[in-house]
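To keep things simple, chains are lettered A, B, C and D as they appear, and every chain counts its residues starting from 1.
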Amino acid sequence: MSADVKHAQKDVSQNRQKEMIAKHFTRLSKARENGEKVGYTFVPGNLTELLGVFDILPVYPEINALQSAMRQKSAGYIREAERLGHNEDVCTYVKCDIGMMTQGNIGPTGEKLPPPDLLLLSYTGCFTFMKWFELLRQEYGCEIAMLHVPYVPGQMPTSEMRQYVKGQLKDEVIPKMEKVSGKKFDPDALLARLKLSARAENDLVWVLESAKKRPSPIDAYFGSVYYVGPIFTGFRGTEDAVSYYKELRAEVEDRMSRGEGPVTPDGTLAKEKYRLVVEGPPNWTNFRDFWRIFYDEGAVFVASTYTKVGGLYDTGFRHDQEKDPLLALADYCIGCYTNLSLPQRVDLLEKYVREYEADGVVFNSIKSCNSFSAGQLVMLRELEKRTGIPGAFIESDLVDPRYYSQANIKNRIESYLQMLSARKAGGHVAQPASLKLPVVAGGH
Amino acid sequence: MTTWLGIDLGSTTTKAVLVNEDGKVVGAGLTNTRSNYDVAAAIARAEAIADAQLSRLEAELARNGEKNAAGTLAEVKRAVRIEQSLARLTQVRDRTVSLTRSAPDGGDVVADKTQALFDAIAKDGENVFAALAVDRSRFFRDMVAARILSDAENAARKRELPYDVVVGAYDRAIVDVENSEAAESVGVHLVRSLSHAKVSSESARRIEAAWKTLEAEPIDIKAMVGTGYGRSRLPFPKENIRSEILCHGLGAHAFFPKTRTVLDIGGQDTKAIQVDGDGVVTGFQMNDRCAAGCGRYLGYIAEEMNLGIHELGPLAMKATRAVKISSTCTVFAGVELRARLSLGEKRENILLGLHRAIILRAMSLLARSGGVSDELTFTGGVAKNQAVVQELTDLVGKHYGQRTLNIHTDSIFMGAMGAALFAKRGVQA
Amino acid sequence: MMTAEEIVAHCERLYADTALGTVHDWKSRHPGRPAFGHLPVYAPREVVHAAGGLPVALAGAGEHVDIVKGDACFQSYICHIPRSTVELGLTGDLDVLDGMLFPSTCDVIRNLSGIWQLLFPKKPVRFIDLPQNFAKRLGGDFYQHDLKELIDLVVANGGKQPTDEDLARSIRLYNDNRNAISALYDLRTEQPQLVASDECFLVVKAGAVLDVAEHTQLVHDFIAQAKTRKKKKEDRIRVVMIGAFCEQPPIGLLRSLDRSGCYVVDDDLNLGMRWLEKDVEPGKNPLEAFADAYLTQSTWASTKYEADDLRAPKLLALVKRRKADGVVFAAPSFCDPALLDQPVLQKILSVSGVPHIAFKYAENTGQFQGIREQAGTFSDSIKLWGAA
Amino acid sequence: MNTMKLTAGVDVGTSAVKAVVMGFGQGEPKVLGTWRERILRRDAAQVAELAYEAALEAAKAKKSDVAYVASTGEGDELEFRDGHFYGMTTHARGAAFLVPGAKAVVDIGALHARVMCIEGVKVVRSKMTSQCAAGTGQFLENIARYLGIRTDEIGPLSLAATRAEVCSGICAVLSETDVINMVSRGVNTGEILRGVHDSIAQRLARLLRSADASGTVVLTGGLAADTGLAGSMRRQLSSDKGAPLEIVAHPLSTFAGAIGAALWGEFRYERLKKSGAAGEELRASA
């Protein structure tokens, strides 16, 4: 993700991330002339290591969309897509991407993105992905590889599910990659990459779990969307990612030793007043304003589900856990957050509330995203019942500023935090100052 | 006297409540001024203080040996209200007259006739403003408007007056006047009203004396807390502002300690709130800014039907069945209403359907906030409407079983009450 | 025999009966045997039937119930069908069902399966992951396994382990049913004045709750009766209506279309009941044959992955076959599958010179003025400009 | 005088009925008489009859002179009509007649707003607002009432304003409160109106853009008379980087629907005469 937000102090890790991203996009922009192949794919359940084995450069349309939003371009793109006949009701990520494509496909760094040689439709946790790439395929007419990742309605994926995914990788995905890249599949190269992935994953998990400390040295939502960036996107399974997470971990260790809270756009948070768990993606168009609503009140997110859409590493999964690399990839795809059943999602949230000693839970419900949003209200009720902690429910959108209302959200969150503090005080709230007002004698 | 003040800046009305050391209400004020929030807050506060003074007056009178202190005071209050209203009317008259004089189609003749129109109303003041003295949710503006519009229309029909000019000038004048704080204190009105209030001269003397004592020790406001739709615009420090959700929760708890669910239907928003045994909010939901489902919905319908807002409920109660209304939008519901009327549907049956529609929306909000637990307290201006209450009772019963439903006659003050209690808690805690 | 009007009235009563009286009757006639509810679009009803269960197709609650608690589960920007389904669940209307099946359709239905697990922890809930991989050894095997587990579930709740003959018989019964429905649609193409669009919808919809053989008979009866009607063909345009495959439009919408000068000659209402395009030949291994049929004989649908997107050419072919003048896109508000497909389909229609319009609805929409206005303008345009 | 063939169009709206009588002779068809009658809580069918008669009177014609009466809008149940055409069909036809060469039509009435893209007289695409009355004529009317001005004063006052007071609310009902608050704050009427116009224009511009309109856009319906709204739309459309659009209104814009109905009525009449159909069938099919 981007380094658009200027942290008060520039960390080494941040600069590295910036460089990694810049390098990647430059390489993409030159892919055509350098004869490199390009694959478009999605974040949840992405097969970055496998693409890497074939030297196919990944592009993530979702990330482009959120970047466009942060750069205030998404509204125009969405308008463009709607003008082309895309309905106002459907996922705005799709429309933002289509709009961007029709406006020259200029990526987040201002460089042009190459068209895909392969559309890798690893379809984890969201049906809209399928429709999205069907649309892109109409546009580009390139090779498309479909990976149907079965949904896990129970507690554990069955062996049929794992074999089904593995079979598709073997018979559908890999042959297409071989065809597009002209390279033969090398399982050892894949294993080597998966090992690197696992090393980075260890450090990432450590960083995310540092939020269990009081005060938490990180914000596990707003701050952490930057931290999960390299793991979500093109860098998993590379040395770059390993170094990035090592540095990040060192930095967080440092903050922790000094007892410091998380970094916000306005500097280090002075006092941690509320510890919150959050479900749902953030809004990108007004990312900082949205963040500010919380840090102005001393609220810190200590755990989030959104940072798990690219993989649930904190419940134990590592890319090197299986001898059979394809089975490891299958487990990874099946286990992403949005592929979990609602009861499993609630279990996870409950675990977060308890393990991270949260005071409250916030659900940010995204208009666009049925995958996340359908059922959130029921999840919230269930979670409240299990933990006894009231939750807050707010609504916004990922990349469509028309559905983001600062005033509404602020009103709700302020009321919510006041409510939490009233609970903390056992029915008593922070003291209002005693005001001596001039009294109108007798009134009128 | 030591008090704490809560101010609820609603979207349509502003409410103020003063509580004493025991957390009991000693005065409440209400205004529908559509002015900026500072003025609205000041007016509501002044009204609350005046109200508190008059309440103290009752106690003082009783102490001074007045036999039926409560009765006497009710009469005094009535007289004061009318006195206040007449003073306002004079202001409106002067402003309207001067506007008509300078209007392009106006002039001296029109101005003089307009003046006569107002003077006739003033003469009939006791009647015109009678309702104001008994029902606090009725407003000066509505009373005067009803009268002046019909008088002007009659005059226009006799070709004595240009209707548009008078009504145009009046519309502007009333806004100006309602946006100014009253010039005179309650004391002045009190003294003036004694001359025509229906109290014995002995009582009148006692009242004057008691008032003197009271004036010597003015009401002391120790702290205040603001809440409501417009709270962020109050000139208060942040610690003195509370969300209206918390205030409605606490206010409802104060009146009905067994409250677990609160439904508040105000002018522009509807809230469903869950509270615990201490009146602390544990969950809430509110609707978005769409008039469908709030008080304005009924207000709009009332205007469409040429009815007063307080007439809607009683009429709907006469219905034999509820007509299903398919439009969500307030405006379209208005059209649907007319269409159905012209199809011969009974007015009261349609009205009941509209009332049901509003409650259906509230029901889903309630469900979303966590359901309806015993007891349910219904607050906000719309709680005054019996048909709404009837539909609510029916639907709650159907979906959640038997529940106690609390409605306070002063339910419109619930938010301000909560704010006042927050003010008090803050200081005592 | 009932007249056509009586049959339709009967079907309308079945449709309005959200408390599923017919299912109660069936269960009292077949004590101990289970009824399984399933959501749209496609569900393997044959398999439930073979295992001795009654598959009950649920499609929301139309205009029939006030939504109170259902709204508490869904935000305003989610389609209507899940909220009415939950409402029915919470009010007890669905208690008669012994379990719920959620065939993969979209994220909403998928998550609804989870909601059901949370709200009704005692009810068996099964998500049926219809394969999106259409290779026999991959998607086919996966699906067969899924079907076997489904049979186990039905058996565990009072059904019986079906023999191959049982499966083959059920498969044939459903073949018959699809053929009957297909005959009804053909009649509509040839003589659209004989079958109003709401009638066609209701008669097919009755199959949601009736035993399959009974429903097949009902469809045949209706066809026979409709053919005796004496109605003159009016000067209306012929349209194909698509997008309404999951949440069903209110009947008023269909009537509005008819009234504003359209004959609907094909649609994707009740799509699940017409899903397989050819008869399934049970052969030696009926379960395998049935699973294969899904891979190779499924109709085109927005919920299904199309490796080489054939939806647009198939729509064009349908328009041609039904001799339609235009296409009406009628989709539920917030239905991602239907709405995301529209631009592509519209493009090809425009290129091929087939006029089209689009609007959205919710199952409980009560006002059709806008729709009448649009559909009327549409038919005006084809009639007036076709001649002008 | 009646060597010309006459047809009539009656447009029954939600707030007013518009009726026209048109003459067809040599050259272009002519509008001979018009009438607009507010419904004001009366029975729409009766008002329609009244308006029709008044238009006849204005055209100095009798009922029996009229070859074909076409209704549009909510008029499909009118007793005296010969045929009915849908609103967008007639507004498009009327707009193309009033402003030859028009490429799009924006019809804004008391409760609706819709955009049609046209080719000649054909509607090729259309968009309409959903069941929410935010930013329609009724909304403007309500606001005018609170501001104490007549509807025909709205346009000039708004145009004269040098700035716009931002109107945040979108709800037709709740915005009144905002407006009232503005008045109390001493904001002048013109600035308020301009703000309201801007917010309506924003919605309309979105509708126009999403319908992919281009070229000359004709305003029809009651709000076409509102010069302030047209001004706001021009400003809005020139600032949003979309294709350039020319916004025009015609003095008879309010009657576009009725005019279109009369024109289509004539077309239908001729076609039926040719095919020799009887009057009855003419009803069933139109």
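What we mean here is this: a residue touches a chain if its C-beta (ideal position, glycine included) is under 8 Å from a C-beta of that chain, and two chains touch if they have at least 3 such contacts.
All values derive from a computational prediction rather than experimental measurement.
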Between A-D and A-C, more C-beta pairs in contact link A-C
Can you work out the whole-Å distance between the CA centroids of chain A and chain D?
49
Averaging over Cα atoms per chain, report the distance between chain A and chain C in Å.
36
Distance in whole angstrom between the CA centres of chain C and chain D is 40
Which chain C residues sit where two or more other chains touch them?
72, 367
Among the residues of chain A, which are close enough to touch at least two other chains?
377
Scan chain D for residues touching two or more other chains and write them down.
131
What kind of graph do the touching chains make: line, ring, star, complete, other?
complete
Okay, in this complex, where on chain A does chain C touch?
84-87, 89-91, 94, 123, 126-128, 130-132, 134-135, 137-138, 144, 146, 148, 150-151, 153, 160-161, 164, 167-168, 171-172, 341-343, 345-346, 365, 367, 370-371, 373-379, 382, 395
Tell me, which parts of chain C touch chain D in their complex?
234-235, 260, 357, 367, 370, 372-374, 376-377, 379-381, 383-385, 387-388
For a test of understanding, state which residues of chain D touch chain C in their complex under the given definition.
85-89, 112, 121-123, 126, 128, 130-131, 264, 267-268, 271, 284-285
Looking at the complex, which residues from chain D come into contact with chain A?
206, 209-210, 212
Report the residues of chain D in contact with chain B in the complex, numbered from low to high.
14, 41, 43-44, 111, 131-133, 136, 138-139, 146, 148-150, 169-174, 177, 180-181, 183-185
